[in-house]
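Same chain, two partners: chain A is paired with chain B first, then with chain C.
Then we have the complex of A and B:
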């Protein structure tokens, strides 16, 4: 009987805590949302499983220097390898044509970062330190890899909750954004049809990633890891001479690194780290950031309409948050509700991809100022 | 007078809902184009009869390509 007792004590069951069981429930909830509701399954499924694994006692998967998931975390995230590789794939998938056809829409990508900065101040006044506040604010950019990149450098203890918040809100874009969009625009504004953009030449599309990389990296040097890979991926795509590399960056590589992104992010969420009142505030502030970003994008578009004779549909401002292409799709749908023959999708892609650049720049600015 | 249905955006034609000879009314659904993994309907611009259908299901179209002609 004693032997049996000893055996039991070497098993993990003996060391389970109520906190761990609560984390299991959170893990199951994310896995359920991913599978049954199709909420960002590519990320929430591995994150959910990572949460489950790290809350199995004695498994020591996150033990520094030894654990398997710790290695993924250390060499993938702390070494800043995975988020830039994701950006390589995103660059290869991104068509900057809509931005180049209508360059003033770039401002909307910047305008929709309003929530990032505002939330930074709100979080700071609520008692988070500067680095934590920046990490929480960046959720408003609705860009997962950038959130993870910044969190790893600024506030690793918040990595899991900020990443889960960012991906959850990205999945909820079609629910969170439309009420704000309808509230801040009139039906007449939503019916505005966009003037056709000019045709963009192949040369312009090749020059864009090169020129943008030079300018943006010189402007905000700490944004370099993400920006460099983003623009390289885009150059692959537009050069049209390295189809194999473009396809590898878009498909195989992106899929592989996605696996190694989600799992260690989930694994940072152990019970003692996550079950704190602070985390509720992070989710609340993240939502606030995201809503404010949507609103500032819309309001900037309306301001541009006051100053310019060429009216733009203010809904495009909401696409300035960088959830690509969900935010652009939502703009198209809300526009089509008002006028079913108004095709905003491709115009909305302009601020949408500009928003990705805007969020990376915001992260770079935080790194410059706070490190 | 013939009126053309132009592609409002670039994408892939996933459904063609009109055929030559059909009587159509303005705002009838003519086709469905998929772009950015979203299906977008294309509507008939005027009342009339379908004279020509220039694309098939599965075709890739650019913005402003002529999809069909209504007479």
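Then we have the complex of A and C:
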């Protein structure tokens, strides 16, 4: 009987704490949302499982220097390997055609960064330090890998909560955005039909990633890891001479690194780190950032309409958050409710991909100013 | 607080400057490609 007692004392069961059990519930909730509700399953499923694993006592999967998940975290995230590789895949999947056909829509990708900076300001006002506030603000960009990239460098202790907030709200874009879109636009504005963009040549599509990489990396050097890989992936796609590399970046590589992204992010969320009042604030501020980003994008589109003869459907401003392609689909859906023959999807992809660039720039500017 | 205000203004302004640069680049590239195309046709 004594031996059984000893065995029990060396098992993890003996060291379970109420906090760990709460984290199990959070892990189960994320796994449930991913499987049953299909909410960002590619990320929320491994994140949920990572949360579960790190809250199993004595497993030491996040023990510095030894734990398996710690190695994924250290070599994948702290070494800045995984987010740039994700961006390589995203670049290979991105078509810049809609931006090149209607270049002025690129500004909507900047307008939607208003939520990032306003939330940064509010978070700082609420007592977070500048680096924490920047990490929370970037959630408003609706770009998971960029949020993870910035959090790893600025506030690693907030990585898990910010990543979960970002991916959760990205999954909720169809619920969060439409009420704001209807509130800030009239039916007449939602019915505006976009003028067909010009035809974009193949040469322009090849030149764009090269020129954009040069300009943006020179302007904001700390954005280089993400921007460089994003544009390289896009160059693979548009060059049309490296089909195997394009396919690998879009499929195998992206899938593999997604696994190694989600697990360690979840594994940063142990009970000690996560069960704090400030995590609630992070989720609240993340939602605020998303809503403000949507609103500032819409308002910028309306402002551009005041200054231009060719009217833009202001709904396109909401696609400036970079949840690709969900935000563009939502724009199309809300536009079609007002005028079912108004086909906005292709136009909305312009600000949508511009939003990705805008968020990476915003992260790079935070790194420039705060490091 | 002053530092936060500075980051807010410079940050948002910086993103717009970046987009403006891209906008100009897209326009210039389109123009150059068009000229090259016209030159070839001629």
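Note that the second predicted complex is superposed on the first by the 371 of 371 C-alpha atoms of A that agree within 3 Å, B and C clash if a C-alpha of one lies under 4 Å from a C-alpha of the other, contacts with A are read in each partner's own complex, and residues count from 1 in each chain.
Here is the rule we use: a residue touches a chain if its C-beta (ideal position, glycine included) is under 8 Å from a C-beta of that chain, and two chains touch if they have at least 3 such contacts.
Since the structure is predicted, the reported quantities are computational estimates derived from the model, not experimental observations.
Judged by the number of chain A residues each one touches, C leads among chain B and chain C.
Applying the stated contact rule after C-alpha superposition, one finds that A:185 touches neither chain B nor chain C.
In the superposition on chain A, A:220 contacts chain C only, with no contact to chain B.
Touch criterion met: A:99 reaches chain C, while chain B stays clear of it. Of the two partner chains placed by superposition, A:258 touches none, neither chain B nor chain C. Contacts of A:325 after superposition: chain B is touched, whereas chain C is not reached. In the superposition on chain A, A:349 makes contact with chain B only, while chain C stays out of contact range. By the touch criterion defined above, A:208 reaches chain C but does not reach chain B. Contacts of A:110 after superposition: chain C is touched, whereas chain B is not reached. In the superposition on chain A, no chain A position is in contact with chain B in one complex as well as with chain C in the other. Here chain B touches chain A in the complex through residues 8-10, 27, 35-38, 40-41, 43, 63, going by the rule given at the top. Partner chain C is touched in their complex by these residues of chain A: 99-100, 103-104, 106-107, 109-110, 113-114, 116-118, 120-121, 124-125, 130, 133-134, 198, 200-201, 203-204, 207-208, 211-212, 215-216, 219-220, 354, 357-358, 361-362, 365-366, 369-370.
On chain A, the positions that touch chain B within their shared complex are 196, 325, 328-329, 332, 336, 340-341, 343, 345-346, 349. Touching chain A in their complex are the following residues of chain C: 1, 3-8, 10-12, 14-23, 25-27, 29-30, 33, 36-37.
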